[in-house]
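In what follows, chain A forms one complex with chain B and a second complex with chain C.
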Partner chain A sequence: MLVVDDAVTVRAFSRRVLEADGFVVDEAVNGIEGLERAMAAPPDLVIVDVNMRKMDGYTMLRVLRRDPSLRDVPAIMISTESKDSDREQALLAGANWYIVKPPRPEVLVEAARLLTGRPVDAEGAP
Partner chain B sequence: MGLVKKKAAPETSPAGPTGSEAARDPLAALEDADAAVRRGAAHALGHAVVPGAEAALARRLQAEGDAGVREAILTALARIATPDAAAALVPFLDREDAALRNAALESLQQMPAEVAAPALLPLLDHADADLRIFAVQGLGSLVHPGDSTFGRADWLARVMERDADVNVCLAAVEALAEAGSPEALSSLETLARRFPGDAFVAFAVDAARSSFRGG
Partner chain C sequence: MSELFDQFVVEAQELLETAGAALLALERDPADRASVDELFRAFHTLKGSSALFDMAPFTRLVHAGEDTLSLLRDGRRGMTPELADRLFRALDQCARWVAALEETGALPADAAAAETLVRGLSGGSADGDAAAGAGQPDGQSDAFPWVATLTGDERGAVGEGALTVIDYTPDPECFFTGDDPLALFRRVPDLRLMRIEPTEPLPPLAQMDPYRCILRFRALSGAGVEAVTPAFRSVPDQVRIGSVTLAPVVPSPVAAPPDSLAAAMLEEQARILDLPGGTAERQSRRAAVARTVTAILTALGRPAERAAVETACADGGTLRRFLADGPADKPTDAEPRPAAPAPSPAPRRALRVEPERMDALMALVGELSVMKGQLGPLVRRAGDGELARDMKAFSARLDSLVGDLRHAALRLRLLPLARVFDPLPRLVRDTARRLDKTVELVLEGAETEADKDILDVLGEPLLHLVRNALDHGIEAPERRTASGKPPGGTLRVRGFQDKGGVVVEVSDDGAGIDPAAMRRVAVAKGLLAPDAAAALGDDDAVRLVFAPGFSTAGSVSDLSGRGVGMDAVRAAVERAGGRVEIASTPGSGTRVRLALPLTLSITRVVVVEAAGSLYGIPVTLVGGVQRVPRADIHGVKRAESIVLRDRVVPLVRLRRLLGQPDDERVQGERQRAADCVVLAELSDGPVAVAVDDVGERADVVLRPMTGVLRGLRGYAGTAVLGDGRLILVLDLRELL
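So, the complex of A and B:
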């Protein structure tokens, strides 16, 4: 999977949590780099921040959804912004899931499992 | 046959053929119907001292739909880099348009710290946490690590010790780790105590501590 975030701490945290659950994680620091990596090696899942330099997460997802080879890749949008309008904007851009920062490990793993078709713990906490 | 003096080639600017039109009256050209003329005007305003340019550029940016003109305006404001230019960019940090608010922040970050910091510091007290995050990110990336002119260590400590929103605090930790400001170590410890059950806070604080130790 591909984690796209300009915050090094978020990328490192996501990598640690998801790799501990068996996922293989690649990283990018903005939407442009995220698209380049996704086009080079289509991931099973992308986790995208909203506010990033050079290209924001909404724009990245919109471009992703226009690409025939990437339009079906599931996407989690992750953001500090928790208003309903932020969630709506994320879904309109092409996100399948929305997580408000700071990410809780069990929420991140559960969403990743759901969107990649892996079994989810019955209690909701893998 | 006498020599014919060769005519000098007309001066061209990087803005292209519309450059001369924009250069005559860039403030008026900024409102032209042709996007290329508006782009040329923004470019010209970024390369000249024109009274009122900052406000005119900001007004145009509010209404501008052309991506190229928007980019030229943001580049011009970053290049002008006056207190008025910095102040003109601040309202765009609050826009619904994520591309625009991020581009406005980038323009502020390109300005000298002594210009951008006074525009960003008041946002640390704004009621909207998202704006406080932008303020922290903007201030944290200004090219004056440890600069006492705007009390970097002080505001980082204040954010981590007092801001009620965990994401604002985490933005400060990120800025701290990037800048390597070990003087804020005690504020990091305070932050860890303020959000004891948060796995991400614990991770971020540990990562910042490690960066100070060089590992």
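So, the complex of A and C:
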């Protein structure tokens, strides 16, 4: 899966949590890099931050949804904002789920498992 | 978590630096959109990253900063010097905290006390803007982000609709002031949920102070704000009370455990299908929803045909019905889909290396250079057979490889001058504001690289010079205008490489230094006899600022010059093998130049010969090498001097300095027509050093004198030349 965030700490956190659960994690620092990586190797799931320089998460998701080979990739948007309007905007841009920062590790893992079709209750790597 | 934590510390340091620069730019040009965005983003990222750790005061502070900046960004608030001060203070506080985090792994115990800064920022509407006042009940749920993190069970417990949120961080000393946090909550009507969390990592039991309250209380009540507030009347400064509206938890028709994440996600997918949008947009959303639903069902152990799911994804209602009575009961033995292998990640990040390992590498490279040097004589001894030819070719290749290796190892330690330049804009801004002067700082050559050790040496003296230039060099605006200058002064700090070393120049267009005043002060302080002072050239008089004991606070006021700690600047630079120069024109400004070697690990020397032995003189001190005809050496008794570029320069003979007999060629009949002279540039002025011969320039690894030799003055150390010959590196300042 692909984690797109301009904060290195958040990326490292997500990577650590997800890799511990057996996921293969790729990183990108902004929307443009995220799209490049996604096009190079379509991920099973993208986790995108909202506020990034060069290209924000909304734009990235919109472009992603227009790409024939990527438009059905499940996407989680992750943001510090907890307002309903922010959530709405994320879904409009193409997100399938919305998580408020900071994500709790178990929530992140469970969401990632669900969205990639891995059994939630079963332990172990794929 | 420690790796992650380290990463946060590094990230935070970078962000704080970026924010500081952006804030300076913004203050200069309040219309600078890019800087507002940059600043906002820095605070925003700090907020998000810090929230991953338990450091609530930090998160709160940057959150307050972010809020202020979003007002600024939306034009709802203007930039003022006071606001800039507050933001600077917030950045300073964060920087101190990050330093503490790096050091101890936790925020200092008094971190919670920084609430005044938070209030200064968020309540900073003192300048008449429309931002909501601090401490007021806040109707927005984003003031209480934790509410959004309620688990499904908690959501079920608190119910829905309008709720009152209580965020209470008791004063750590609250037990002594008679507050009982838990008792306060007992008075809250219709308490539906309470979370108690530590505000800082809990210390080991043995170090725990049970009389300090390090807890944070968060609660939700079904009663209104006005009904809840009285319970906290005694602690208004420690509590935040507001209202939120929780959306009803949609009862899931899915045969999944109630309140499960999966159910919520499936419901969300149904909602997404009903979102407005263009045809193409909705089509692609549908595709993503179909895949998402398929994945979730698979994860739940109830796989469904993708095609069937796709059909069901016509709209929200159809999907809900499909999920309610669809493939729910079908048993499954389907394989979960493994995550696709992703390309290996390659995020760019700087490598942090322990200094000791770098030093070990440099030492090895030094040894290798010496070993390589000894190969040359061996090859020469081998004569000129075929074997010798091959050895020569091999030796030449080894030569260039070792050279490259040394260069590469050296480069590892190089860092841009930006590291010492970065604090300057802030220093100039603060100092100028304090002195009511207008000063433009021009930084040039920040990309010039030098060894980390050298940067460490440079930092302090540079701050000193800049502070001095602002304090004593650049005049107050009225005085500048009176003397026909623009009211704002210019301070220029320039870095560049020169003669294999690095040079930093600090120049101002201020009042300059008056040589006459310098002479007066030197006499008054008893440093010079009146006639000696009178005989001093203007340049030498100005150079007196570097004399130890010259500058004290008292002398500064009656001088247009500078003074405080200039001898300390000189001492620091000279200790690192560099030198200081000063040039000043009364009325139009002063320029101070610090010249340092590129690195402390490798010293570039000029090899000279005296009485049959080889010596090295650090290149940074060498102003030139030339032959001086004997006729041009003027002697008065044993003191000799020469005239170089219209200046009288004292001449010393290295042999005499080292206690060796004079060159018999000097005494003998067939006197040499000229002497080899190395011009040494010392901070006190140039000195010509006569030597028997001047050889090559060489990079050597300087080894300090050890054992009994350590007491020997005049030598900086020993070094081995490339060909294995040993030299003594001279400390000319001591010798002269």
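By our rule, the second predicted complex is superposed on the first by the 121 of 126 C-alpha atoms of A that agree within 3 Å, B and C clash if a C-alpha of one lies under 4 Å from a C-alpha of the other, contacts with A are read in each partner's own complex, and residues count from 1 in each chain.
FYI, contacts are C-beta pairs under 8 Å (C-beta built on N, C-alpha and C of every residue); 3 or more make two chains touch, one makes a residue touch a chain.
Quick caveat, the model's predicted, so the values are computed rather than measured.
After superposition onto chain A, partners chain B and chain C are found to clash with each other. After overlaying the two complexes on the shared chain, residue contacts for A:R71 are found with chain C alone; chain B is out of touch. In the superposition on chain A, A:F13 makes contact with both chain B and chain C. In the superposed model, more residues of chain A are touched by C than by the other of chain B and chain C. Contacts of A:T80 after superposition on the shared chain: both chain B and chain C are touched.
In the superposed model, A:Y58 lies in contact with chain B only, and not with chain C.
In the superposed pair of complexes, A:I32 makes contact with neither chain B nor chain C. Note: residues 7-9, 12-13, 16, 51, 53, 80-81, 101-102, 104 of chain A belong to the chain B contact set and to the chain C contact set alike, using the contact criterion stated above. Every residue of chain B that touches chain A in the complex is listed here, in rising order: 96, 98-99, 101-102, 105-106, 129-130, 133-134, 166-167, 170-171, 173-174, 177-178, 198-201, 203-204, 207.
Contact residues of chain C toward chain A in the complex are 3-4, 7-8, 10-11, 41, 44-45, 47-49, 51-52, 140-142, 145, 147-149, 247, 261-262, 265, 268-269, 271-272, 275-277, 280-281, 284-285, 287-292, 294-301, 336-343, 345, 347, 349. Across the interface of their complex, chain B is touched by residues 7-9, 12-13, 16, 50-59, 80-81, 85, 89, 101-105 of chain A. Every residue of chain A that touches chain C in the complex is listed here, in rising order: 1-2, 6-13, 15-16, 22-27, 29, 37, 40-44, 49, 51, 53, 65-66, 71-75, 80-84, 91-92, 94, 96-98, 100-102, 104, 107, 110-111, 113-120, 122, 126.
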